[in-house]
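I've put the structures underneath this note.
Below are two complexes that have chain A in common, paired first with chain B and then with chain C.
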Partner chain A sequence: MSAAHRPGPLRAAILSLPLVWTLAFLLVPYLIIFTISFYTRKYPTFLPDFQFGNYLIIFEDPQYYQVLWRTAKIALVVALLATLLSYPLAYVLVFKIRSARLRAALYLAVIVPLWVSYLLRAYIWKTILGSEGILNSFLVTLGLLDGPSPLFLYNQFAMVVTLTYIFVPFMVMPIYTALEKIPRSLLEASGDLGVGPLRSFLAITLPLSMPGVIAGVTFTFCLTFGDFVAPLLVGGPDGQMIANVIASQFGATLNWPLGSALSIVMLLVVLAVLSLSARLDRTGRVELA
Partner chain B sequence: MLQSEALARAEERGRRVRLGTWLGDGTLGAIAACVLAFLYLPIATLVIFSFNDNRSLTLPLRGFTWRWYETLFANEQLLQAIWNSCYVALSATLLTLVIGLPAAFVLHRLNFPGKAAFRRLILLPLALPGIITGISMLNLFKLLGVNLSLETVIVGHATALVAIVVTQVFARLQRLSRNIEEASADLGARPWQTFLLVTLPNIRSAVIGSALLTFTLSFDEIPVTFFLTGRDNTLPMYIWSTMRRGITPEINAVGTLIVLFSAVLIVLSVVLLRDRRR
Partner chain C sequence: MSNVVEITRVGKTFPGGVVAVEDVTLAVREGEFITLLGPSGCGKTTILRLIAGFERPDQGRIALAGSDVTDLPPYRRQVNMVFQDYALFPHMSVAQNVGYGLRVSGVPRGEVHVAVAAALASVGLTDKAERRPHELSGGQRQRVALARALVRKPQVLLLDEPLSALDANLRAAMQVELKHLHERLGLTFIMVTHDQTEALVMSDRVVVMQAGRIEQDGRPAELYERPRSLYVAQFLGTSNLLHGQVTAAEDDFAVIDCGSQRLSAELPDGGLAVGATVTLCIRPEKTQLLRNGRIDPAENDLKGRLREMLFHGSTARLMVDVGQGEPFAVDVQLQDALTAADLPKVGEMVTLGVHPRNVAVFPGEDRR
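Right after this comes the complex of A and B.
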C-alpha cells in the first residue's frame, strides 16, 4: 500500500459523506414510513401503534385494491405499447442506417424528448386530445366528426397515450444499446448458412436483445406505476392511479398511516419487479465467450 | 442446358429474396419514421401554438403573434418561479456532485461490509417513483420539525438525482486506468494533488455531463417538489397549478422556451458523455 491509499481523516470524512447521506435521507425515511404504516389514524394526526389495519384496508376495500390493479394494468399496457413502438425504431437505427453520423444524430433526436420537460409532454396531450383541442378541430375540419368529441380526453385511453409517448425514448435507449452489442459476424454466419432474415432475427437478434427489452420494460413499468402527474392532467374519474390516492392521503384526506401503507405496497411492487427483471436477465442472458 | 436452368432458378430466387428484403426494410423504415413523427409532432404543435394568434388552442391557425411571450415577461409570479427553479436546480446539482463523486469513488475503490446494500440504496431512486422519495422525506422533515422551503426541496432533489452522477462517474472510473494515478503518487504527488490534477481531468466530461442532466431534471421535477415545497413555487409547480385551471397559449410559450433550453443542455451533455474515440 502506498501513501496515497492510506485513509487520512479528511479522506475518511469525504468518503463517509455519501454513506451518511444515504442513511439519513433514504434509509431512515423509508423506515419512518414503514413504521407509520402500522400506526392508527386519529384525525387529524395519528397514534403510535402496531397493527395491520392499514394493510388490511388496502386489500379489503375495493376502492384501494381496484386502483392498485388498474395502475398495474395501465403500467403493463404502457410498457408493452412502448416496446412495440421502440423496438422497430431501435432496430432500424442500429441495422438499417449505414452512416454512423446519421445514426448518432437520429439516436440523439430520439432521446432528446426524454429530457424535455416531463410535465410539458403530458400537457401537450391535454391540448391535443381535449374537446376544444387540436385533434378534435382537425377531425371536424376534415368532416370526419360532426362536432367536437369529449371521448379523447379524461380517461384511461388518454393516459395510456400520454404515458406511452413519455416512455418511448426511455425504451429505445436500452434496446438500442443491446442491439448495438450484437456481433455482426453472427448474423453474417447465419446468412452464409442459408438462414433467412426472419429466422436469423428470431434465433439471434431477438434473444440477444432481450436484456435491453427487459431493462426498458422494467423502468417503464416502475415509473408508470408511480406516476401521478399524467392522471391529474389527462386522466378522468376512472383514470386515478395509486400515486394520486397516496398523495390525497397526505393532503386533503389526512390519513398518513394509510398513505404510508400504500407507499410501502408501491415500494414492494417496484422492488419485486426489479428483482424479477434481474433474475430474468441472468437466466436469459446468452454468454458470448 | 441443365446448368443454365439451375442458374436461372437461382437468380429468380435471389430476386425474390431481394424483393422480400426490400419490402421488409421499407415497412420497417416506415414504422420507424412514424414513431419518430409520434415523438416530434406533439412538440411541434406546442411550439406552433405558442405563436398562434388565438386564445384557445384549436385549428385553424390564425396568424403569427409574439403576444404570449410578451405577457410571459410581464408576469411577476412566473419570473419569481423561474428564479426559484434556477436556485433549486443549481444548488441540487452542486449537492449531487458533492455526494455523488465520493460515492462513485467509494463504490469503485473500496470494499466494506454492506457495500452491495449501499449501492442498491443509493441507486434505488433511479427506478423508484419520485412520489415515494417525496413522501418519505416529507415524513422525515415533519418528524424533525423542519419547515418546508426551497431548501428542503434541494435536499429532496439531491437525494433523488444523486444516482445519475454515481452511475455516470462510476462507469467512467471503471474505464480509467489506475496506472496514471499510481505514477502520480510514485512521483510524490499528495492524494489531493493526484485527484485534482490527474483523476478529475480524466473524468471531467462524465462529471459535467451528469451535472447538466441533473440540472435539467431538477429544473423539471414535480413529484418530490410537490411534497417538499413550502410557500415558494418552482417553475414546473407554477406551470402545473396554471394548467390545472385550464390551457392557455402562455403555457405553450413558456413550454417552448423550456424545450429550447433543455434541448441545448441535453445535446451538450450527450456530446460530453460520449466516449471520445481514440
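Right after this comes the complex of A and C.
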C-alpha cells in the first residue's frame, strides 16, 4: 500500500467532520423519530414500546389522512401551475430572446427572489391578498367590488398562489437548462424534414426537455409537500398542511409518537416521489451527443 | 438541362455587421454535384443555409425548380440537408429518425415503413434500424443522416461539411461512396467543404469562395490548371510562388525577372505591361528535375541547391533553394529507371525545368 492510500491523520480529520455532522444531525434524528413513532402515548408523556397504533391512527382518523390528502393535492396543483407558468417562460428565454445579455438579465430576474428571505416572500402575499391589501383596493377602485373582500386570504387559494410564486424559480431553472442543452440543429433538421414549428415542438423540443420538467415537478412537489410557513401565514382554518399538524403534535398536543409516525409517513411520500422521478429521468434520458 | 437552384444577387449580413454573403449569383443544373469551397467564414455555409431556408437573404432571390422560395420557411422547401453534426434526434431510433418527416406529415404507416427500409438499405444500415443514434459510430450516424435526408426524395440534397467529423480513412471511403450515390440517384448535390481534395474528388463543379463572394467556378481540372487568381491557385493544391517584374512582353508571352532567375511565361489571357510587378505560380508536379545538365531551349531552367528531400514512396518531393522566398517544391515520380538512390543529394546543385505554359502569372504581389 502506498503512502497516498493510507488514511493519514489529516485525511481522517478532514473526513470526520462531515461524517460526524451527517451522523449527528441527520441519521441520529431520523433514528430517534423512527423509534419514537412506535412508542405509546401516556399523557402528559409517552412510554417506550413497539406497536403500530400511531400509524393506524393516521389512516383511520379522518383529520390525519385528510390533511395528508389535502397536502398532496395542494402540492400537485402547485407543481402543475408552476410547470404551466415556467415552461413558456423558460421557452421564451431560451428560444425567443436573441440578445444574450437580455436573456441573462431576465433569467436573473426570475432567480433573484431566491436571495430574498423565504418568510418575506410568503409574507408579501398577505399584504397583497388581505382585506387592506393591494388586490382589494385595486378592485374597489375599479368598482368591481363595493368593499374589501376577505375571500382572497386565509384559504387554500391563497396558499396555492403563494407557494406557486415561491417555487417558480425552482421550476424555471431545470427547464431552462434542459431547453438550452437542445442543439439548435435538431430543430432545423425537423424543419428541414418538412415539419412545421408546432409539430417540431411536440416531437423534438418537448420530449428532449422532459428531464427538466421532471426535475422541476420533483422540486416543487416535495418542497410544497413539506411546507410549513405558507399555511401559517396565508392558509385559513382549512389550510393546514401535514407539516403544521406534525408541529402541533410536538408542541401544543404533546403527542410525540403520533408526530413521529406522521413524519415518517411524510418522509416516505417524499422518498417515493424522488425515486419515481429518478426512474422517469433514467428512462427518458437520452444522449445529447 | 434546367437549373434546379437559382441564386440571384443574394446578400446576407448578420447582426453586428458581419457580411457573410455579398452579391452572389449561382445557378445549379439538375443532377449536378457542386461544391462550395473556401476557408471558414467565406460564406459557403451561409449559402447552403439560405437555400435550405434557415436564413433569409437581405437582398436577392432564391428559386428552386423555377419557383421563388425566398420567403418560404424550411419546412415548405423541397430540399434536405445533411448536417455537419448530423443532427440526429437522440430520443428516436434510427428507423424513427429516417421516417420522422414522412410520419409527421401524415404519410400512411405502411408507406413510411417501406420508404424507411429502402433508405436504410441504400446506405447499408438495415440491421441497425432499432438502434439509438448514440449507439452508432460516426460513419454510421452519417449514413443515417444521409438516409433521413434522402427518404423524402428532395429536389436538392444539401451537404454541410458531411465528412469533416470522420477519420481520414473513413473520409476517403465515404468520398467515393457519396460520389457513387450521386451517380446512382441522379439527384442534385450541393456540398460545402473547406477540404480541397474532397471538392476535387467528388464534384462536377467547384465554386471557390472568398470573403462572401465567388472567386471562381468551374470543373475541378479547370480550376486546378487555370486558376483565375492567385487565391484560387494557392487554395487548390500546392503552388510555388516567385515574385518578379515583367522585362519584356508580347500579346501572349512575357519574360519575368525574378532576381537571380529569369523566366518566360505564356499568357493565354492577354498581355502584361513591361515593368509590372507580378507573382508567378508554378505547380510542383509541372516542374522537371533536369539530369545531366540536359536543357531544352524552349523551357525555363531554374538553378538551386537541394535543401531537403521528402520521400513519399511512389513520389519524392524535393525542396530546392532557388534564391527567393520559400524553398521551391518539385515532385519527382519514382520508377524503375529513376529510384530514390538516383536522386541528387541534399546540398548539391540541381537544375529544374518548367515549360512556359506551366508558369501562371498574376498581377501584383502575393497577398497571402
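Going forward, the second predicted complex is superposed on the first by the 280 of 289 C-alpha atoms of A that agree within 3 Å, B and C clash if a C-alpha of one lies under 4 Å from a C-alpha of the other, contacts with A are read in each partner's own complex, and residues count from 1 in each chain.
We take it that a residue touches a chain if its C-beta (ideal position, glycine included) is under 8 Å from a C-beta of that chain, and two chains touch if they have at least 3 such contacts.
Since the model is a prediction, treat every value here as computed from it, not as a measurement.
In the superposed model, A:194 makes contact with chain C only, not with chain B. Contacts of A:225 after superposition on the shared chain: chain B is touched, whereas chain C is not. In the overlay built on the shared chain, the residue A:208 is in contact with chain C alone; chain B does not reach it. Of the two partner chains, chain C is the only one touched by A:186; chain B is not.
Once the two structures are overlaid, the count of chain A residues touched is higher for B than for its counterpart among chain B and chain C.
In the superposed model, A:246 makes contact with chain B only, not with chain C. Within chain A, the residues touching chain B in one complex and chain C in the other are 196. Chain B contributes residues 17, 20-21, 24-25, 28-29, 31-32, 35-36, 38-40, 42-43, 45-46, 49, 56-60, 98-100, 102-103, 105-106, 110, 118, 121-122, 124-133, 135-140, 143, 155, 159, 162, 181-182, 185-186, 189, 191, 194, 213, 216-217, 220, 222-223, 226-227, 236, 239-240, 243-244, 247, 251-252, 255, 258-259, 262-263, 265-267, 270 to its touches with chain A in the complex.
Residues 2-4, 8, 11, 14-15, 17-19, 21-22, 25-30, 32-33, 36, 85-86, 88-89, 91-93, 96, 106, 108-113, 115-121, 123-128, 130, 132-134, 136-138, 141, 165, 168-169, 196-198, 218-219, 222-223, 225-229, 232-233, 243, 246-247, 250, 256, 259-260, 263, 266-267, 270, 274 of chain A are the ones that touch chain B when the two sit in their complex.
The part of chain A that touches chain C in the complex is made up of residues 98, 183, 185-186, 188-196, 199, 203-204, 207-208, 284, 286-289.
Residue ranges of chain C in contact with chain A, taken from their complex: 15, 52-54, 73-76, 79-81, 83-85, 87-91, 100-101, 104-105, 132-134, 148-149, 152.
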